[in-house]
Amino acid sequence: MAVWIIEENCTGCGLCAKACPYGAMVIEDKLARVTDRCTECGACLAACKFEALASDIEQEPIPDLSGYKGVWVFAETQEGKLLPVSRELMGEGGRLAAELGQDLCAVLVGSGLEPLADELASLGAKKVFLADDPRLAAYATLAFTRVLADMIQAHAPAVLLMGATPLGRDLAPRLSRRLDLGLTADCTQLGIDKETGNLLQTRPAFGGNVMATIYTPRVRPQMATVRPGVMAPPQARAGAQAEVIKQEVKLLDSDLLLKLMSFTPLASQGVDISQAKTIVAGGRGCRSREGFGLLAELAQEMGAELAGTRVAVEEGWIGVERQIGQTGVTVRPELYIACGISGAIQHRAGILGSRFIVAINRDANAPVFSVADYAIVGDVFKVVPAMLAALKEAR
Amino acid sequence: MSKPALRSDPEKLLRQIISRFVAQEITPLARDMDESGKIPKELMRKIAQMRLFGMRYPVKGGGCGGNSTLYCIMSEELARGLLSLAAKVSKQCLMGTEHLYRFGSKEMHEKYFAPAMRGEKIGSFCLTEPEAGGDLGAVATTATKDGDEWVISGMKTWITNAPIADFFTVLCQTDRSKGVRGLNFFFVPRDTPGVRISPRFETLGTRTTDIAEVAFNDCRIPGEYILGEVGKGLKSLLSILADIRSMTAALALGLAKAAYETAFQYAKERQAFGKTINKYQLIQSKIANMATDIWAAELMLYETTRKIDAGLPAGKESMMVKYFATETACRCCDEATRIMGAYAYSMEYPAQRYFRDARFLLYGGGTHEVLQQNIARELKF
Amino acid sequence: MNIAVLVKQVPDTNEIKLDPKTGTLIREGVESIMNPDDRLGLETALMLKDAHGAKVTVISMGPPQAIDVITEAMAMGADGGVLLSDRNFAGADTWATSYTLGKALEKLLAETRLDLVIAGRQAIDGDTAQIGPQVAEHLGWPQVTYVSELKLEDGSLRAWRKLPGGVEEVVCPLPAVVTVLDAPQDPRWAMVDRLLWACGPKSPIRVWDAADIEAPAKSTGLRGSLTQVMQTFSPKSERKTDWIEGTAEEQARHLVNALSQRNLI
């Protein structure tokens, strides 16, 4: 076992049990005990204040990393335009670069993207690294990996941020493994450790019931993907200029193995709940399509968009374009009303950006209440009709 | 140094898998099935694909290679979802097919047993008669040898699965002068001329359980359709009685747990006089008593099945656990309805179904009045 | 046709609840399950086995109790299983995990040909979606991610990728690594006869440690991880929850008042 308790020092304070992401540490008779749930992740070691935890995990030495400089943002594009997440990353990347006293740089990979350099400059980029080639017009994992790897090896940045989009989540792990870099997925918060200059990457872990702060002590660049919709885009400053550095594109035939045969767009319902100001959402507790009818009434009365959880979508109560949560959409409305939603972490993570959250659920233990401003323990089928009545009365 | 082989614990894993199957495939349909009295074919197909019907039989005989403990784990977990479905599956595994498996010819195995393992043919066990329940000496259905054939005549009642059965295992008297020593089981395909099945009984609970009366009017079957040696029917019945009773106890245990969990959850959510009702001592007492009885029943049950699996006599233990687990189920289902108040009276919630279904368990495997008497006899009292 | 499927044992995060008073996790009764995306990956492999007759081997890295996901996979229809278990593997980040899985696949490749590696898109305890692409890079094979349906053609695969905006159809030469997020049919249930066989002495499940796959300690587990966990904490929101009590009517009226005072309605 890699982690064990030094019983003389243990006070049974429970800090380790709180820190353990796997619930593997239990306190029994005022002593901590490691149970067989332990994955030996080591998260408890830092938590103990009494030197009561020991491990035989060996640490690798930290090399000199001072040669790596610059915060890079991979500027993902679609049809020649920057994705919103690219702008959000420029905002966050700028903040980090300022804290590090380094340059914010943007990376453009594609075909005919040079015109975007000015826009990236206006968003704070000092330099724009550009790989422009007709063979890069469509995204191809291996081709993009090679180009980015070449760029990174040539310029040695300290940080590389990408959007946690389908493309980013396909490309980042491949690239990180090619260059043997640490990668943290789906971050919701970034910061800089003042002592070491390490990037502090915070993300929901273990089904998100826990937040974990992750760092990459011994390799550079530190890679992270960032969840779209979480960071704020910067104020654009018109007229700002950036140095454009063109990267020679060298590809192998084997980098272009995948053949795209067809693309069938999803029938768009013309809704974008990520932009809604008020959202009424339902989950398992709404029990049926009819239950959702009641929510639709409430949404209409409030001028809100209707949304649902993964369960509601799977049950066919609501369309997939209105799904909220990890695999769905992240929303940041002014007011979010969760009806009959227990609030699995994926869902909670998807709504945390809301200004006010109302939760209605029969189960007082439902995790959704932990993020609610207003909590109503009660039956959706009683509370929602009462709300409708109260709203009509107030009008 | 060779490493010791690391293997999963089959009991733990089987329980987990069936429990997940119940949560995903049975619980969401339980109310519909209970109200319509029908089990969707697709669901039975999935159960067959999991090979649950072969749970007790050796792999060489076309089964899974399980034992009584695994079998009861299956019955218990299925009963948490829907008792009648659990009973239907459990009976097919045991009474519906056991004599056919043990005594049937190769041809009968191919024609009936193998399809029964695939869930394509249903077997039904015919013991009870209008004038003979637990009293086997009073069995009046006769089997008479006529040349190479047997002729079966008589009436059987409270026959589970009769309306959907493809074949029957029928307890008959071959020689009235020998009393219980003249008893034998016979294999009667449903399409044998002279087999008549009454309309399905209307019952209080376990509404997907098909129960009817079966009349055998001079049914002629081949000589090889006698299941076991002449005069050994009682012996072969006794050899599976401990299994039947522990399986019934497993069904009861599963049902008790379902009722307990429903009430437990409800009590933590339901508010009364400004606090959730789990804060009241009278509710706490009920929950504590339910949990205690359930634990006792569980310990008794699996102690009994381990004896059966070890080939030890478990007649007394199986009667005790059938009696205790079923009483526990009846008590838990009753207490659950009290904790849940009027919600238990509504057809929308499962508590009423647990309450109705529990009564089914009182009769199969012997009424408790007979069982208590037999337990006392076993104690040489 | 030989297919390797990567599976992970995870806690069933859907069952996790928070204690409303302390804000800590209620973990009691939370079971360990086969990661849902991996189950879909296994179903995808078994469908290919049904259609083309493939040999399916499942591989998992984890503590000894993770043997259960391998056993269940065998019960569903996999032909072989390998558990990678060694105290040195513990605490691995995705780099070290993909390295360890990659070394195991290399050992498997030394024994037999492999045409395809299938992994779930992501695990519900981490949601990183990194292992598939990282294993692909380890092997130097192309990757196809976000797959919902897979067909085999002569020397290549045709896959349908389910993306937020639509479905992409791609063709990729074999061998390749595929990560799946869906399958054309619900994953099949375990068969009890196979389950008991996989639990028994004749089970072909193998357990490999670090020495078996020639993975040095400095490249596996916590020590080999490039990322480290600095701290974990409950996502305590700064929100002060206002618990609205009373009858449904009282609750509704209180809420509507509060919302209109804040100009939210």
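First chain written, first letter: the chains are A, B and C, and each begins at residue 1.
Note that in this section a residue touches a chain if its C-beta (ideal position, glycine included) is under 8 Å from a C-beta of that chain, and two chains touch if they have at least 3 such contacts.
Just so we're clear, the structure is a prediction, and the values are computed from it rather than from any experiment.
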*Viewed as a graph of touching chains, is the assembly arranged as a line, ring, star, complete set, or other?*
complete
*Find the most central chain, measuring centrality by the gap between its CA centroid and the centroid of all protein CA atoms shown.*
C
*Between A-C and A-B, the pair with more C-beta contacts*: A-C
*How many Å are there between the centre of chain B and the centre of chain C, using C-alpha atoms for each centre?*
38
*Which whole number of Å gives the spacing of the CA centres of chain A and chain B?*
51
*Distance from the mean Cα position of chain C to that of chain A, given in whole angstrom*: 19
*For chain B, jot down the residues that touch at least 2 other chains.*
none
*Give the residues of chain A that touch two or more other chains, as numbers and ranges in rising order.*
364-365, 377
_Touching residues on chain B, where the partner in the complex is chain A_ = 268-269, 271, 276
*chain A-facing residues of chain C, complex*: 11, 13-14, 16-20, 23-27, 30, 62-63, 65, 87, 90-91, 93-95, 98, 124-134, 136-138, 142-146, 158, 163-173, 181, 217-218, 221-237, 239-245, 248-249, 251-253, 255-260, 262, 264-265
_chain B-facing residues of chain A, complex_ = 362-365, 377
*Taking the complex as given, what residues does chain A use to touch chain C?*
1-2, 18-23, 36, 38-43, 46-47, 57-60, 141-142, 145, 166, 169-170, 172-174, 176-178, 180-186, 200-201, 204-219, 257-266, 278, 302, 326-327, 334-335, 342, 344-346, 348, 352, 356-358, 364-367, 369-379, 382-383, 385-387, 389-391, 394
*chain C residues touching chain B - in the complex, by the definition given at the top*: 31, 33, 64, 67-68, 70-72, 75, 83, 85, 188-193, 195-201, 203, 205, 207
